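One structure is given here, and the rest of the page talks about it.
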């Protein structure tokens, strides 16, 4: 198991280097416009070249990368070209916002997905049909539509929740909860739908396996079969889907953040990308790749923990 | 040979059937699926509307008239009104369809072509597997959207370029599907056969593998089409890319900004996008149903379903351990009628007796066994008959009562030992669970009992096996474990469904010995489902021969072997390759000038 | 002649301001994008002693987070709302566009206009308690001039800065720069704490001489900025709010949602929704006219890219093709049609010019035909994020006379390069009110941003030469009028409209600025009654 | 006797193991056997013994790690893919699973014609040959236009045999070709195999776990146990009078479909088991 984890980490590291290097290489094509953006009205060929030299961006990509990577190893991702804010400080505060939304949304939608999926898989009939209908609705109704309806009804008209903005948990836990409620609901809607269908599918597959029949012939109750056996066995595939959903939710956070004016990771990334803030972009890349690799690693480890067979590798 | 969960409904010899019916292609099946037809029609309608985008509306999509600013729905010349800039919403909506379709086409086709090629290469040629896999992982990890935005100057903001790049980002999805399928198909024996036939790799990929991979890929492409449309809309919503191109995203964004002035404007593109996306998803689902079999129905863990007019007979006391009378089991065909796969089976088993239930595949022997155990699949329906165990009617008994019986009086040994153990729990915990359910013993006592049982069924190191996971022990050991579990509550009746078929012949002999010993010890009755007459001769006191869901002959084993009454029994016995037939003609070498079969 | 003036000197304001602000220009003009202007008297002096129940906190929104508080990186436009409160400026712009002393008490030019003497107040302190004097101003200006950054261009005619005493600053220019005076209401008019300027953290935790200080604890960079009133500020009584929260909300609809949900006190809204706010009873609204101009810059006056534009008739045809009333109507009726580049409030404005180019498509077509372009032609125009919402109407207006527009999508970070590239014969752009001197520099000088093809004209050169010598704006009205007329008659531009702005105010609050530019001054946000 | 059609000498098969620097796993540890023209060599063994691997190695489907395979006097051990393809008209295969050995999406006709077409037959000639082949394996002519799913297991196995026969091979590797079939079908398919051999003089390498089946069709039998051939010889000798204890055990473990005879066999088996257990014990004692 330890060896397995080590191998996955090594794999992730190599992947990290390849992806971040390629990203830097591609970004190097836009150095001129990045600096033009930084200089604003002072931009011209000379000033751009001067600042490029000033920032050291006139060096070759491998050299730049080596320097950057050394920084990564020391926990230093540089500072924003525009604000001077160190990347390692800029990311966490935005991340906190997005995680505040994506995290609870993920947990809620996973719970709903488990509940709906298992219910649909084991009850059949109208329960299954209703559950599937709910999944489909959640899947098809655009998130933006849900968001705007929620804002208009619950924030603007009823005033139960804030329409925009974010309060950190540290400042005021109750306000924090209020500020994330609507975004979380919006996000959980779609997330639950796609995951529930997956849970339903894997549950049914599992319940059709031979060992379930054998357990039934031993007099094991339906509840024990579903909860203790089928659910535990479906956890592996379900976790994989949960991981993917998490990454997807993270990626789509931008839209929700826009509507609710949350100063989150998505909005930040979007703005940074528009600005072309090179150090921050590299930081975001590092983070994004790390997140993907990390989530996958966690899923693999969880799978290993859940499924003794997977521990062999 | 895993236990069939659904009956073999198609007769084995189908040559006389109407070929058109059997060979109905995927397309014909698709056009009979209302979901596919409706969603297909919706997509088609969208396409047609898109093609007519220059015909239906009175205005171009970018024609802006001050007098049309925020016109309400139903205005003359502006059926859906005008937007904030005085453009015809209908015209923009219809042109947005074309944008969406082109986005989908570009994104999906690039993902399709690149993904399929990579998948085939990576899945088929071992030496390319690792590099291709790396490539896909890198693509998947790439911060694609970020780069898409940063590198906008290079693409000029043209959504077609954006979608082309996005197509590459989508590639890993298709790649994985194709690769997994290809790896699977490459292991199929017909691919080996083609290789042995001298077929080149290219031809195998094109002819054998692509034909199988095609289905899932088409399905996945449908979903990709939808997500490409979604991404294009998302980017347009954010204002990334050219503003001149009408698109749902741009319209939603415009409408959203205008929501307090003209709330309706947001609805049109949102609904159109939702419907179009939904149509693609549902169409993809329908396609999947067609190619990969329909969505599984829910699996209920309850007592077997019974037919509407079913009424179990009152128990009669013949004194036998198990009395099966006129048992009928049916499955519902797609058109709704019930097809009986077990047609009026009657069996009797006494204490200490072993009944061999013999028949060829599809004869209904396993279904009969499941019917007695009450563990038929959800789709099965009991149509008639009675099953009386020790004087008690158990057919149609409530789940709770069945569970109690199963834990104590009736037990089951499956055919395939590995798949009948839960892979995530240790042998020990599975045994303990069964023992505690049936006996209510404490955990410690149950463990003690489990170890005893493991020893009893001939497992050399019970302690170690107790701690092992199923995949850590051999098939023969696993079958012993299952037997231990089955006999734990000292059942009166043991139903063994082909318990040795999956095992080697030497192990089979040991297992049969074990069963016989246990029977002698506990005095239970056994129903031994098998197709092997050697096993019957070895272990059964009486036998019942099944054919086509009916019992055609019953009797004491010795009698039936000596004097089969039914022609089918005779035929079966005649087919046995007996001990004494040994090939003794010498190898025939054809002369060199001999016939070339060509 | 100003050929010796560095090229980049002259696009420091209108365009740069808008770019830096990231203001999204919509027909409804949601939020102000202009240079600081202030009315230190308006609203504040009357309400010097606010009613007992008057609100003491204010929540407003900006559509973009300021990128840095380093003086050289300060952006004009909405960003000034925050940094202007922290640093304050030497002068502010009054309701009628006049300079009003703020941190300064007055100024004077030498006769040749190459030396500017500014006197500062003697009671200025930084938020850390240190006195803010001429020496600190000198250090700030030199820092801006000598450090690469967005603000550098504004100081590049500054040859030297001297601080002979605590309240006197003498700025010597390398060339005549009458627009610099106006710049003292902006980035180069701030006083920063030079001791701290070298610190890395200065960009995030600035120390200025303004009425407010940034509360670093409550502030979340990029999200919300909390400003605490300084009681030791020289004019503290003029600021009614003890705490001001500026929230960053990029999406205009989200701003409106937030306002409606009671999370903001004052915000710019779309003109069309003003009646909704009024009728809700929870809000009052204030409408302002003519705050910024929207226009086509027909840059290719020499016909380098599209030969047609060398023909005056073609440029005039474009002017005739614009239904300016339609543009105003599209903006919700707030604003007024523009027929000349100078704002009605400036001394260069000449009402007579308004009748030169009435909306007349037939006339436009016949002019084109006369010029030999009866079948029209097609041109490329840059599609910039700030003007996208106007593009459909422009496309249509030009299409009506046979000119086809292909919009090149320009990423935001490339806006300036696109303007400067000289690739585009016509550019759709907008500008906020400017003093005449700056207007001339930005629109007509050979090196002006809005003259990217560097068109010159002997008649204009002579006028510009005279204009550069003007040190008293009031005295130069005639020259400015002539330059303005030159622009109109030669159709260098095709003005569209002066746009207005609508503010919605929650109960107890009142927008007291009279110009949209003042929306980026904290003084414009006041209490009602 | 002339040179055998196929000769395997010290044949070893090892599969590479996934993972860095892991040694390959050897499945077959050096086996020798010969097959003469027109002869059937039965290979019998239990699951995991390596019997199927031996067949796959002959076909070039398993990596040969040692020893040599000679076909018709040529060393084919290290044949390239191209050479292998050329050999396909000489050596053919029938697999165990009649369900997975036919491509479900190709018609029987297409499946049968494929080996001919890749060898350059023209279409008309191939079609005629396909009809002949169907006739030869006892299927109706209209079967050519149908898909595999329309056929039962036995019928599919006939198709598989026809495919193997198509290029007119001299050796067919039969990998458990009847194990998946029902009892009644099994017998007729076996008969077909024998008939075809008599007709065409093709040789079989017949792999099976079922002694009865092997006995029925083989001229000679090799018994595989843990990757080695522990006993080899004429069918009668190996199946009636085995020498190796494993063969003895195997023989006695298979139940006879005759209650009386089986009772006897069971008794024999129990006796043998006791005997072997005693020997093992002694061996252990000697060891200790």
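When the chains are written out, they are named A, B, C and D in that same order, and each has its own residue count from 1.
Criterion: a contact is a pair of C-beta atoms (placed from the backbone, for glycine too) under 8 Å apart; a residue touches a chain by one contact, two chains touch by 3 or more.
From a predicted model like this one, the values you see are computed outputs, not experimental measurements.
A summary of chain positions shows that the Cα centroid lying nearest the centre of all protein Cα atoms is that of chain A. Put simply, the chain farthest from subunit A by mean CA position is D.
For the pairs A-C and B-D, the count of C-beta pairs in contact is higher at B-D. Subunit A and subunit C have Cα centroids lying 40 Å from one another. Work out the mean CA point of subunit A and of subunit D, and you get 53 Å between them. Subunit A and subunit B have Cα centroids lying 30 Å from one another. Contact with two or more other chains is made by no residue of subunit D. Residue positions of subunit B touching 2 or more other chains: 153, 256, 259.
Subunit C has residues 253, 411, 414 in contact with two or more other chains. Pairwise chain contacts present here: A-B, A-C, B-C, B-D [touch as defined]. Looking at the complex, you find that subunit A touches subunit C at residues 33-34, 36-44, 47, 50-51, 54, 79-80, 82-85, 90, 93-94, 97, 151-152, 155-156, 159, 162-166, 168, 258-261, 263, 267-268, 271, 274-276. Interface residues of subunit B facing subunit D in the complex, by the touch rule stated above, are 1, 12-15, 17, 19, 22-23, 188-190, 192-201, 203, 207-208, 211-212, 360-361, 475, 504-506, 508-509, 512-513, 531-538, 557-558, 561, 571-579, 581-590, 594-598. Residues of subunit B touching subunit A in their complex: 2-3, 5, 134, 137-138, 140-143, 145-147, 149-151, 153-154, 234, 237-238, 252, 256, 259, 266, 270, 273-274, 277-278, 281-282, 295-302, 370, 373, 375, 377-378, 399, 403-408, 410-412, 414, 416, 419-425, 433-434, 437-438, 469, 471, 482, 485-486.
Across the complex, subunit B is touched by residues 36-40, 46-47, 56, 59-61, 81, 84-89, 91-93, 95-97, 100-106, 111, 114-115, 118-119, 129, 140, 142-143, 145-147, 149-153, 155, 160, 163, 165-168, 180, 182-184, 186-187, 190, 194, 197-198, 200-201, 203, 209-213, 215-219, 235-236, 239-240, 249-250, 252-262, 266, 269-270 of subunit D. Subunit C meets subunit B in the complex at residues 26-28, 252-253, 256, 270, 272-273, 276, 323, 326-327, 329-330, 383, 385, 388-389, 391-393, 395-396, 399, 407-411, 414.
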